[in-house]
Each structure stands twice: as structure tokens, then as C-alpha cells.
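See the structures that follow.
Presented sequentially are two complexes of subunit A, the first with subunit B as partner and the second with subunit C.
For the complex of A and B:
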């Protein structure tokens, strides 16, 4: 068990270190999400309700996550690094968990920029909304790391990833928007937790089949 | 297997007979709905098609699970064919549901019908399945990735259904219900006949498509063997 967690930590740390050295994903995500929010200001008609802005926040978050997920497996696909990881003796699901944690770290970092910007430009965010963002981010990274590994095995991965990911993200958007605007956010937060549990277990169990030849 | 399966043409003939019987029952035996009148008749087609689509998606996922557990190559085509049939019936569900919505509510599309929205989400999801499948080189990796995605589909069905129920609270406070008066005995009989006919039709289509796909694969293998 400790060996497994050690593998996961090593893999996640590898991604974070790569990002710290090359800085090719995180600045792009942060800039993208702020640019999207500015575009939304002009897309919303004057006098639109705050609820509409909360809805658009979730569109921005999902697309920002897609931007990060599209690059998630780039280091592995170069020079056959993924084959090396698969052949290493550790449990293969550790590769998925490490990647999910690393993408979660990127997404949370982008949200640290996005959420204050949203509160500044549009409307304040309360506690349940922030919890909703956190829970949905876990789900996005759990499912996203798996489907982006699928897309990485295919031709035209940049085109394929959104097609695979968006139908799976619809329940997350429902839970997220509900937790932001509903007066009783409990049901939506519970739903997000359920989604995270179901799809994290499924992705954890299924990852091995995606990467082995 | 010692039990011989009934021949495909016999099953096809039975499906046609059942379909004809169900049409007769729908129009001549089942009474007309008091509220919706004639337009309610599409219920006898729409709901069985939707149930059949679920069954096909379930079959595709079951074969996918068998593929992952046993590594049996033949399950790949079976899973793919099941999902293909499910997508066809899912598209038919959208079409018939849209017609019903126009007849009873006056609009071609309504976001307040949870079942229709669910089928739209599933339709998008399974269309992406085909995109994924045809973007990967044929081989064991394609079989496994397709199987994993098919399994995600059956997890997505209840999760999406629940999500759409939740969403209808903030998108549309008023929810249409189709729970009209209870079905009478003859209505239920017509419904069951129609359901049996459509399920059997789906099975016949599944077997036919599978036979075609298998022949295709065999032919390609023979060609490659000859070319060597």
C-alpha cells in the first residue's frame, strides 16, 4: 500500500516538476479562463441575471479543464515513455491516479485565478459554490485523465477528446450549477460526491485495459 | 452448444407477424386515450423502442465486460454491434419522442421531458464511441478501449438520469408528467405485443449485422492470407 502511494506520488511529482520547468500548460489555462470570462461579459446581454453568469462560469471551467487534459499525456506519448511506465512493475492504476492528481493540481491552480476573477467581474461565490467547484474538479480530473488516455491512443486526439469528455461532464455541470444557484445546495453536492465516487472507481479499475497492448 | 438456435429467417418472420399483430391491436383493440386521443397511440411504439435501446446498450456493455474479463476476441464485434443497434433505436426514440411532443405539447423539442433529454445525452455519448473506435488502429488495444468506453456508458445512464432530474428543478420548475390514467388490460396487451415485436426485431437486426461483420472480418483475413 505504501509502495503504491509512493509510486503515485512519484508520478504526480514528475508531472508537476515538468510543468515547473517548461511552464507550457498552467499559464495557458489561467490565461484562457480569464479570456473566456471577458468574452462572457460581452456575450451576456445587459441586465442578464446573475444565474446566467454562474452557468457560464461552469462552461468556462469545463473548457479550461479540457485545455489542460488535452496536454495531459503529451510527456508520456513522446519517446515511448508510456510503454516504459506500463512495463514498470508497479500497479498500472497508479499511472492513472498520478495523472489525475497532477491534472487536479493544475485545474485547482487555474481556478485560484478564475474564481476571484469571476467574483470580481460578475457575482460573489459562497461556500457551497466553492465546495461544488472542488468536488466537480475531482470528477473532471478522474474521468478526464482516463478519456484523454483513450484519446491519446487514437488519431486526431485534440478533436476526439472534447467529444468523449463533454457527454460525461454534463452531470458535473448540473451538480456544479445547482450548487452555485440553488437555495438548497445539499442535494447537488451529494450528487457530485456520488459522481466522483462512481467514476473514480470505474476509471481506477479500467485504466489498465486502456494502456496495455 | 447442443441446442440449435432458431434460424434467423424464422425469427424475422415471427417479428413481422408480431409487429402486424401489435399494429392491429393498437388501432382496433386498445381504446383511445381520453386525454390525448389518437396521438397517444405513438406511446405503443415510442416506449418499446426506448426500452429496446436500453437493452441494446446493456447488451453492448455486458459483452464489453466479457471481453475485458475473458479476453475473448469475438466479444468485440458483439459489443460493437449491440451499441450500434442501441444507437439506431436511440435515434428512433428521439424521432418518435419529438413527434409525440409536437402532437401533445405543440413543440418539436422540450427540455422538460427527462427521458428525451437523457436520450440526447446518450446519443451524443455513443456517437463519440464510434468516433473513438474508428480513430484507433484495429487490434487488441482498440477492442479494450472501446470496451471500457462502452462500460462507462452504462454507468452514465443512471447518473445522467439522476442529473437531469436534478436539473429540471432549476431549469424548469414545472415538470410534465405522462402518468395519465392507468392502462386498461387491452392497452397493456397491445403495449406488450409491440414491445415483444420491437425487441425481437432488434435481436434479428443484431444477429444479421453481426453475421455480416463476421463475414467481413473473415474475408479480410483470407485476403491477407492470400496476399502473403
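For the complex of A and C:
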């Protein structure tokens, strides 16, 4: 188990190092989410309910995550590095977990920019809403890292990734919006936690088959 | 006689409906060297990917009698990260392969393949020949029992070719099993114990 976690840490650290060096993903995600919130700020009619604004926040977060996921496997596909990892790891699911953790770090960093911007333009988020964002982010990265690996191996990856990812993200949007606007957010948070657990296990188990021809 | 380390029977590989490899059978004893030749598109790289464990056969059987992680694989791509340095790439693979005395082994390989001075350079700044040398370092880093090399001589200059020929000789002398796909079988003729000439499927 220690060796497995060591592999995961080495792989996630590699992604963070690549991002620090190339700055390909995180600035794009941060700029995209802020720009989207600015557009929503002007698009939402005056006097629109706060509930609508929370809905738009989740649209912005899901599409920001999609932007990050679309670039997640680019370093692996550039020089066949994914094959190298498939050969070298004792358990191939470590590749998925390392990627999911690195993507989660990027998404959380983008949210650190996005949530104050949302508070500035619309309304601040309370504790349950913040917890909802955290739980949904875990689910997005767990399932997103799997489907983006599937899409990366295909020809029409730009089309395939949204087709695969967005239907799977709908429950996360439902749970996220519910945790933001419901007077009793507990059930929505529990739902998000259950989604995370189920899809993390499924993605962990399925990754081996995704990376083998 | 020792059990074959690789045994293929009626091996086929298709991508969709397109066959790329058809009815390939052979056995390779431990310590032997299989040379794979054939024209472009004959399936040499596909056969090596099957032996390396990167693809599964569509039909037939392929037995590899060594651990998956005791295979060293050199493909058409270098299987490294272009924005990491040589040292960072090899350190990552060394950790994943759990190479004992990793730093010493990496340093020794970089010295041997003439990359020590360029160890802190990103691979994106390497020439093709330097990248091929690094790919060889990566493939041999964990001292594999079965070494699978797809066109290992490509992109190498005269010094690199000499280094590679010497390394292949050392591996053969150490009892490692070699599978080499090449368009220049003369370079590995002295090592070969078996030969397959593939034809387009």
C-alpha cells in the first residue's frame, strides 16, 4: 500500500511540476472561469433570483473542469509517455489516481479564484455550498480523469470528452446546486459523497481496461 | 532445455476489421535473441507491443514467462515527458520500477550513453539522437530480463550506434533475452538465435 501511494505521489508531483513549468492549464482555467462569471453577471437580468446565479456558478465550474480535463493527458500523449507508465507501474490504477489528484489540485486552485469572483458579482457561498463545491470537485476529477483518458486515446477527443463527461456530471450539478440553495443541504451533500465513492471505485477498477489496447 | 520465455502460437492482431498481424508463431528461449524483420506495415511494431504487454492479441496465444515489469521496452516514441529533464524522467521511472540505488544507476546509464552533461536539459531541447539514447536509458533502467527494442538503431549517430552495439553485446552476455525489430539485421546478426521475417497481413 505504501509503495502504491508512493507511485501515486510521484505521478501527481510530476503533473504539478509540468504545470509549474509550462503553465498550460491553470491560467487558462482561472481566466475562463472569471470571464464566464463576468459574462453571466451581465447576462443575468436585474432582479433575477440568487438561485439562478448559483445555477450559473455550477455551469461555470463544470465547463472550467472540462477545460482542465481536456488538457489533462496531453503530456502523456506527446511522446508516448502513457505507454511508459503502463509498463512501469505495478498497479495501473495509480496512473489514474495520480492524474485525478493533480487535476483536483488545478480545479481547486481555479475555484480559489472563482468563488471570490462569484461573491463579488453575485452572492457569497455559505459553508454547505463550499462543502458541496469540494465534494463535487472530487467527483468531477475522479470520473473526469477516467473519461478524459478514454477520449485522449480516440481521434475526435475534443468532441468525445464532453459527450462522455457532461452526462456523468449532471448528478454533480444537481447535488452542487442543491447544496447551494436548499435550506436542508445535508441530503445533497450525502448524495455528492455517495457519488464520489461509487465513481471513484468504478474509475479505479476500470482504468486498467482503458489503457490496454 | 529451458522453458521458452516467450511462446506465441497463431498470433493475430486486428485494429477494427484491419488485420496487422496474422498467424505468427515462435518460441524464444531465455537468453536468446529474436530478430524481427519485414517491410513497413508488416506488423513488427505491433508484434513488439504485444510482447511488451502494451496490447492484447485479437486471436492466438502469447505466453510471456517473466513479470510484466521485468520487460524493458523501446518503441517508436521515447515514452518520456518532453518538458522534464533527462534526470527527472529517469528519476520518475526509477521510482515507479523501484530501482534499488536509483541515483547511482541513473548516473551510470547517463554516463554510458553520453548524456550526463545534458542531464538537466529538458527533452524538448534534445536532438532526435539524444532522445533515442535517453529512451534506451529508460528501457534498461530497471535491468529487465526481457529487452524489447523497436528499431533501436534509428536516429543514432556513429558514436551512438557503437554504444548501442556494445550495450546489446553486454546484455546478451549477461543472459538477457532480446527481441529486436530492425531494417538492418546485419547489425544484430552476431547476437541472433532466432529470426522472423514478417509479411504484410
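As a convention for this text, the second predicted complex is superposed on the first by the 212 of 213 C-alpha atoms of A that agree within 3 Å, B and C clash if a C-alpha of one lies under 4 Å from a C-alpha of the other, contacts with A are read in each partner's own complex, and residues count from 1 in each chain.
Definition applied: a residue touches a chain if its C-beta (ideal position, glycine included) is under 8 Å from a C-beta of that chain, and two chains touch if they have at least 3 such contacts.
Just so we're clear, the structure is a prediction, and the values are computed from it rather than from any experiment.
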Partner chain in contact with A:127 - subunit B first, subunit C second, else both or neither: neither
Touching partner for A:212 - first (subunit B), second (subunit C), both, neither: both
Partner chain(s) touched by A:90 [first = subunit B, second = subunit C, both, neither]: second
Which superposed partner A:14 touches (first subunit B, second subunit C, both, neither): second
Partner with the higher number of touched subunit A residues, subunit C or subunit B: B
Partner chain in contact with A:80 - subunit B first, subunit C second, else both or neither: second
Those residues of subunit A which subunit B touches in one complex and subunit C touches in the other: 212-213
Interfacial residue positions of subunit A with respect to subunit B in the complex: 146-147, 150-151, 153-156, 160, 163-164, 166-168, 170-171, 174-175, 177-178, 181-182, 187-188, 191, 194-195, 198-199, 202, 206, 209-210, 212-213
Interface residues, subunit B side, partner subunit A - complex: 68, 121-122, 124-125, 127-128, 131-132, 135-136, 139-141, 144-145, 147-149, 151-152, 155-156, 159-160, 162-164, 166-167, 169-170
In the complex, subunit C residues that touch subunit A: 49, 52-56, 68-69, 71, 73, 75-84, 88, 92-93, 95-98, 123, 138, 142
Residues of subunit A touching subunit C in the complex: 3, 6-7, 10-11, 14, 17-18, 21-22, 75, 78-81, 83-90, 212-213
